[in-house]
Structures are given as C-alpha cells and as structure tokens.
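Listed below are the structures to be examined.
Below are two complexes that have chain A in common, paired first with chain B and then with chain C.
Take a look at the complex of A and B:
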C-alpha cells in the first residue's frame, strides 16, 4: 500500500515537472503567435485578431526572395542528405561487418562539430583553394554535411530491425535490386525516410550559422530575420516565426498521422 | 554475381565516406592550415607562423572569453542533463501510447531554428517582453537579471538545447530493459540504489552523448551571446565570428576555431571513456 502511494507521488511529481518544462518550451512560441495577431505586439493581452503584420510580411519583397532561396536550399539539402544518409545506413547495418561501429562513429561525427565551425571551415576551404565566394551550391553541400548525421541516425534507428533477407528473397525471385528496393524496402521503411527528409528540410530552412558564411550576399530567411533584428524586432518577424512553426507543426502531425495509419494497417 | 555484390557493397559505404572526407574532413584541415598563416590588411600572408596561437594564449580578453565559454558550456550541459532525466524517464515509464506524441512535441520547437527561437525568447525576456511587461503592469520593477546578461544567455541555451538532450536520454531509456530494475527491486534494493546502481550506469552512455550535444554548440555559440549576452556576455564563438566578419582577421579566427575544435574533441575523448555506443540506442548496433 505504502509502496503504491510512493509510486503515485513519484509519477505525479514527474508529470508536474513535465508540464512545467513543456510550458517553458511552448510559452514563447504561443506568446509570439498572439503578438503577431495583435496591434500591440509587446504586450498582446487582451488578445486581438488582426492580420496586418501578415499582410505586411506577404508584400515585403525582401522576405519573398529570401523565402524562395531558403526553399531551394532546404529542398536540395533534404534530398541530398537523405540519399547520403540512406546509403550510409544500409552500408553500416548491412555491409559494415566488423567495421560497422567505426563507420557509424565517422558518419555521426559532424554532429559533434558545431555549425559555425562547419560554416567557417567550409568557407575557408572554398576561398583558399578555389578562390570561390559563397554560392548556393556550396551552401547546400555544407548544410548537407550537417544534416547528414541527423538523417543517418534517424534512419538507422528506424531500420535496425529491418530484415535484409527480404531483399535477398526478392532478388532470388528474380527482381532487380532497384525493384526489390522500390517494392519491398520502400513500403516498409518510408516513415524513417520521411522523418529524415522533414528533419533535414526544416534544419536547413532555419539554420543561420552555416548558410551565413557560405551564401555571401544571397538572402535566406534566417539571415534576413537576423539582419532585421539589428533594427529591433518587428511584428513581421513574429508573423514569419508563427508561419514557420505552423509549417513544422503540420509536417510533424502529418508524419504522426501517417505512422498511426500504417500501424493500423499492419 | 559476387563481383556485383562486392561492388555494390563498396559503393554503398564509399559514397558517404568520400562525401564526408571531401566536405567535412577537408574543410577542417583547411581551417588548421589557415590558422598557421596570418592576415594583414584583409589579405592572407602565406607564411607559417605561430603568432595567432600566441595572441590567443597571451591576450587577456581572449582568455576571459574562453573561460566564460567553458564555464557556460559546462553549466548549461549539467543543468540540461538534470532537467532532461525526469522528463525522459516520465515519458518512457508512464507515456504509454502517448510516448510518440510527447517526443514529437519536443521536436517541434527544436525544428523552428535558432534565430527564430531566440526572437521568441526575447519576446519573453527582453525589456519589452512578457515577463517584464507583466511585472511593470503589476507595479513591480523589471528584472534586470534577464535582460542582456549572462543569465539571459544561460536561459537561452537551456531553451535551445533542451529538446535535443531530452530526446537523447529518451532514446537511451527506451532501449533500457526495465526488467533489470524489477530484478534489483525483487532482490531487495531500494529506489535510490536501483537508480544509482542499475538505471543510471546503464544509461550513462546516452546521457553523455546528450551532454556533448549541448556542450559543443554552447562552447562555440555566437548568436546567443551577440543577441542576448549584453556588454559582459561576449563568448569565444562570438569573438571568432567577429574575426571572420567585422575585423577581417581570418587567420586569428581560424586559430580560435581550432581551439574550439580541439576542446570539443578533448571533452569528447574524456567523456567517451564512459560511452558504450551500443547502449546509446542510436545506431541499433546493440543487436550484433
């Protein structure tokens, strides 16, 4: 009896703590959501519903071109790093053999080098060796290095229970390696692949440190936001932040719904 | 057939390996080389010299920045581990079928990016932010401590990296076999002993990975101190970024980068004595 009581106390203490921490994580985001909808962005209580900052954001040409650049950068990074991460995952889990651990550590290494160091060192390399100023391609590559480790870990976590004999069975039955991938492996592993695509996309969409040093004068959303900060935070920034959070939220919820649906099927 | 499989096998591992060698190892090498050159009047002088490291080791400002960064990184990482454990533990033990919802709720703020999250946080802590706005409205004095100070930076680092550390500890705990704890309990161990002798040591690896994932970006942070740190909040990474920006002393900045990198590797080396990667729950290598 006494034991159950202690258990319950522990459980509810932990639950309270969890609620406090989640409140700490979400309060700024919700506050900004209210601020973006208010005419008094500093202290938007009582709440209002006013879309003027969103209208100003959508008509601002600087943000438009920055958004387009960020979109290109993030899409290319997502595809490239997921493809690389997939190869790395398959390589380590299936063909790694005795050296699997060594490869896994190497593939996770970019995670342990800070973004700003990656950005600065890539800039130094391109400038010193190729006399190149930053451009979109170098920014995509540097972002890919950073996102690659996340992609590798996400897919490895999702794929390590995968039974590789299924691929071999398909090949024995006469399927080409490509067909065995598309018809056997892809239907089973796509939540991991989607998770990796979304993570890489959003990380590179919002990352400033790497792109800042490799893009030169090309504006991206985080760099425009950072520039705008020097002149004080404006309600447009709050609107931008709310929109980005909304996009992330929809993507994650979509992924969750898809995973749930797949579990039901299985 | 075997030739083809062998080729396939090599390609699958060699493509990502080559990619990392080219675009991850090479740039870091370039940084090291650059740190042994010099910059004069925004131009690089290609002569080997140790002068950059000499400057860093003797000038008081750089030493202060570095010690401040180191103290900040250690403090932030320890605080994050302490905060993350109860949360991850609760999600794993009592989350039930909502585990995935809890873990995704952690991911959402993490993905909105450093700049935007800092803007959001400034909306809370800044001179015109929610906390001080509410205090002034209630007739109290604004909290100076959370405006443009090292405390503000500290809160910001916690805010930025908490989701990452909780997720790491969570991944470790979810792969932990709680039957071991039950066994210890059946053998008569009390809660405290079960935690210190079974649960904590067996999840130490994941905890250390989480610690490092907060330690490394905090050590070389540049955005947080620049935006929130105030006059006495300059950190090493921010000073390094200035060498590549306003001051144009690239070689000195490169040397600072090498120092940061070496200290990250050193911390990783010291702590990795306690890490068994098979236990982090990351790679799924535990099977083999």
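Take a look at the complex of A and C:
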C-alpha cells in the first residue's frame, strides 16, 4: 500500500517534469504560431485565428526570395555534405586501418569550431584565394564544410554496425558493385543517410552566422529575420517562421515513421 | 553446365599482402561432381584461396580457370558461382523468398523461372513454409538453409562454402553435414568447402586439401589423408593423435622412445636409417592398452579418467613421465577402471614416423 503510494508519487513527479521540459522546449515555437495567427502579433493572447499575415506573406517578395534562397541553400548543402560524409565514413571504416580513429577525430573536429569564426574565415579565405565573392555557391560550400562533420558522425554511428561482407554476399550472387550498393547497402543504412540529410538541411536552413557573412546581397531566412529584429518585426515573418517550423516538423515525423517501418520489418 | 570438362583449375596461385605470403604457389584441380574440403588452421590461407576462386580477391601470381576458361581477371559477379558464408549474410531487409530470388533477379531470369527455381530450392531445403518471413525471424539452422539455398538457386558452376557450419551447435552441425553432402551428390556440381574442423572435412568430402602457412601440405582422398599422412603437420592436424619422440636404434630395426622405456619395430619399407631422430604420431584410436598385471611391453601409465562417448570410451592416461595421452577404444563390458596401471603400446604399422625437424 505504502509502496504503491510512493510509486504513484514518483510517477506523477516524473510526468510533471516531462511536461515542464517539453513546455520549455516548445513554448517559443508555439508562441510564434499564435503570433502568426493573430492581428496583435506583439501580444497574441487571447488567441485568434486570423490568416492575414499569411496573406501578406504571399505578396512579400523579399521574404519569399529569402525563403527560396534558404531552401536552395539547405537542399544543396544537405545533399552535398551527406554525400561527402558518406564517402568519408566508408573511407574511414573500410580503409582507415589502424589510423581509423585518428581520421575520424579529424573529420569530426570542425564541430567544435565556432560557426561565426568559420563564417568570417571562409569569407576571407575564399575571397583571398579564389577571388570568390559572397554568393550562393560560397554559402553552400561553407555550410557544407560545417555540416560535413555532423553528417560524418551520424553516418559513422550507423555504418559502424554495417557488415561490409554483405556487399560481397550480393556480389557473389551476381550483383554488380553498383547494384549491391543500391539493393543491399542503401536499404540497410538509409535511416542513417536520411538522418544525415535532415540534420544538414535543418542546420543550414537555420544557420545565421555562415550565411550572414557569405551571402552579401542575397537574403536568406536567418539574415532576413536578423534584419527584421533591427528594423521592426513584421507579422508576415511570424507566418514564414511558422511555415518553416512546419516543414521541419513534417520532415522529422517522416523520419520517425520510416524508422518505425524499418523496426517492424526487422 | 556443360556435359564434359567442367572443372576448376587453380594454377600456381600466390597472394601476397606486402611482404606477407597468404598463399604460396598453390595448385589444385577440382573435378566436376567433386566435393573437396580445404582444411587448415585459422590464418593458414584457406579463406584467401576461397576468395581468389570467388574473385573477391585477385592472385598476385598464377591463374584460375573455370571449365577451361581463364577467369583470373573476371569480376566476381560475372563468374556464375554460389557462395555460403560463415555469418550467413542474409539480406535483413528482404524476406526469405526475396533472399532466394536475389541471385536469379541479378541474372535477369524471367519472372516465371524465378518463381519456379525459388519453389524448387525451398522444396529441397524444407523452407516452403517460411518463405514470407524475415531472416531475423528464423533460427540459426533455418538461416543456414536459406544461405545455402541462395547459393544454390541460380544453377552455379560451383558452390563455395566458407565454414558454413561454424555458427551452428553440434547436433545441428552433424545433421547439416549429411544434408550438404546429399545436395552435392544430387546437383552434381563441385562444392569447395573451407573448414578448420577436420571432422567436417572427413565426414563430407571426397578429397581433402590441407593448407598450412599458405602452402598446400597435402592433397588426396580423405581416407588416404587420414590413414597415410605425408607430413608431420597433416599427421597432427587430421584426426586426433599423440606425438612421441624417438631414435632409430643402431641396428636400424627398432625405434626407441626418448622419454619412455619402450621400443617397437621400425615398419618395413621405411626410409629411416640407424641413428635418425624421429617424430612418432599415433592416432588416439590406434593405441593398445594392456593391464600391467598381464605383462608385455609398453609405456607404463596410469588410467586417470574414463570418458564415455556412446559407443566409444576415451581413456585419459598419464605416463610415468607425466605426459597425458588419450586412447580411444570401443565400449566393452570389461572397461579398465580408473587408477589401474596399464601398458600403452601400438603396432608398428599403426603409427606415422617422420624424421625429426621435417
């Protein structure tokens, strides 16, 4: 009886704590959602349901092009850094030999370099060496440099458990190396690849520092948001941020569903 | 599969990794419809040889021929082979049916043929009821059969088996040994079976190739390999045996043991001459044990333990010089009790003699 009582207290305390943590994490995001749906974005309580900021967003070309730029930037970075991270992981795990750990540490080390530093030094270096102005291409390159380490870590964790002889098993069955990759390795490791894609996408979609220093005249979401803070936040910004959060949310749900599906298979 | 001349020829093949010779000038001809075991301790180069035949590795020197065609440079996926791995390596994201159909799909067989072949192989391997399961839902023995099926399904020129039974428990292993041999006879293609387990090699194969330190130590019919080992390594590695050291006596007619007060006649036809130091190998089942009270000659020993192995009895003996020897005898009612004093001997023709240091 007493034991049951203590158990219940512990259970409810933990549950309360969990709710507080989630509230802490999500309140700012939900607040933006409310603000975007309100005619009084500075203090949207009590709540309203008003789509006027979304209507205004549809006519705001600056925000639209910033959104589009960010999308291009994030997609290219995600694909590029995932591809490079995959190759690096394969290299380290299969051909690293005794020095695999050293290579792995050096691939992951840039994680600890501050983003601002990376942004400034990329800008300086690219201009100095390649005479490249800050533009979309250099932004993609700099973001890829930054995201690469994340992608490497995510995929190394996944591929570490992969049995490379699985590829050989496919090859002796008559599959060409390319087919063994597509038919066997990719399906087994794709949660890692998907995780890497999504992480790189979200990181470069939201990363202000690198894009800010590199882009110059090309607006992206983070730099426009940053500007808005200085020149007055417009409600359509809230609408745009809500839309972005929605995209990220859908992506993560997709990943979750994919992992569920895979678990069911296994 | 052509009607005649289907065989595998391994021609003076070597494989070096830097300065390390994994395989050193190995030649081997394998006939069609032959079951050959490649037997050797771990690190002997036997798996390297299998990978060279599969094409997963290339020889530094020498050639590999399939059915008279040089395939040394041919990519592994174009060789038309089947292979079964120790770890099974079934595709975890595919059902048993899809695993079995995989080699057929890769060879672009028509869909109807794929289904027919899968049904056929599932039939002979008793997998028909579990075609829609995933590998993780199968037991070790079932996974093993799927791996075997995947190797056999696409009418391979030959089947390579890399320690396929090492991950199974003893009982299942013995069952599978008989099964695998049956499939080989049924299909009539060469099976090349790599193992470090001499019992497997002896129970399944027609011929055994013994590999040690990258070299082919011996090649022959399994019975010959067992009964007439050509080298000390083969004598020690194939079958269970004990080793003694001795010298050929001054008359050149007897062998005198170094550590024990016992001698026996030098077998006729031996190349050994007076004064030669020799290594003597005696298979555990070839020992004679006599109670000391009955008299006779032999190595004075004591029975330390008696292990019952069904139809056989293993006597664990300790010689008076402190060496342990195991002698295997058929189980009879007059078993020698523990602590009994005995004399251990063997008939001259039942031992294998090698000049020491060869």
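Keep this in mind: the second predicted complex is superposed on the first by the 246 of 266 C-alpha atoms of A that agree within 3 Å, B and C clash if a C-alpha of one lies under 4 Å from a C-alpha of the other, contacts with A are read in each partner's own complex, and residues count from 1 in each chain.
Definition applied: a contact is a pair of C-beta atoms (placed from the backbone, for glycine too) under 8 Å apart; a residue touches a chain by one contact, two chains touch by 3 or more.
In this text the structure is predicted, and so the values were computed from the model without any measurement.
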{"item": "Combined model on chain A where chain B meets chain C, clash or fit", "value": "fit"}
{"item": "Angular separation of chain B and chain C about chain A, which is computed from CA centres of the superposed model and rounded to the nearest 10 °", "value": "100"}
{"item": "First, second, both or neither for A:9, with chain B first and chain C second", "value": "neither"}
{"item": "Contacts of A:101 with chain B and chain C, given as first, second, both or neither", "value": "first"}
{"item": "Chain B versus chain C as contact partner of A:187, first or second or both or neither", "value": "second"}
{"item": "Touching partner for A:176 - first (chain B), second (chain C), both, neither", "value": "second"}
{"item": "Contacts of A:166 with chain B and chain C, given as first, second, both or neither", "value": "second"}
{"item": "Contacts of A:84 with chain B and chain C, given as first, second, both or neither", "value": "first"}
{"item": "Partner chain in contact with A:112 - chain B first, chain C second, else both or neither", "value": "first"}
{"item": "Contact breadth on chain A, by residue count: chain C or chain B", "value": "B"}
{"item": "Minimal inter-chain CA distance - chain C and chain B, angstrom", "value": "5"}
{"item": "Chain B and chain C contact sites that coincide on chain A, given as residue numbers", "value": "177"}
{"item": "Interface residues, chain C side, partner chain A - complex", "value": "54, 56, 75-78, 80-83, 85, 87, 89-93, 102-103, 106-107, 134, 136, 150, 154, 160"}
{"item": "List of chain B residues in touch with chain A within their complex", "value": "8-9, 12-13, 15-17, 19-20, 23-24, 26-28, 30-31, 33-34, 44, 83, 86-87, 89-91, 93-94, 100-102, 104-109, 111-117, 119-124, 126, 128-130, 133-134, 137, 159, 162-163, 171, 191, 212-213, 216-217, 219-223, 227, 237, 240-241, 244, 250, 253-254, 257, 260-261, 264, 268, 277, 281-285, 287-288"}
{"item": "Residue ranges of chain A touching chain C (in the complex, touch as defined)", "value": "163, 165-166, 168-177, 179-180, 183-184, 187-188, 262, 265-266"}
{"item": "Footprint of chain B on chain A - complex, ascending", "value": "6, 11, 14-15, 17-18, 21-22, 24-29, 31-32, 35, 42-43, 84-85, 87-88, 90-96, 100-101, 103-118, 120-125, 128-129, 141-142, 144-145, 148, 152-153, 156-157, 159-161, 177, 199, 202-203, 205-209, 213, 222, 225-226, 229, 233, 237-238, 240-241, 244-245, 248-249, 252-253, 255-256, 259"}
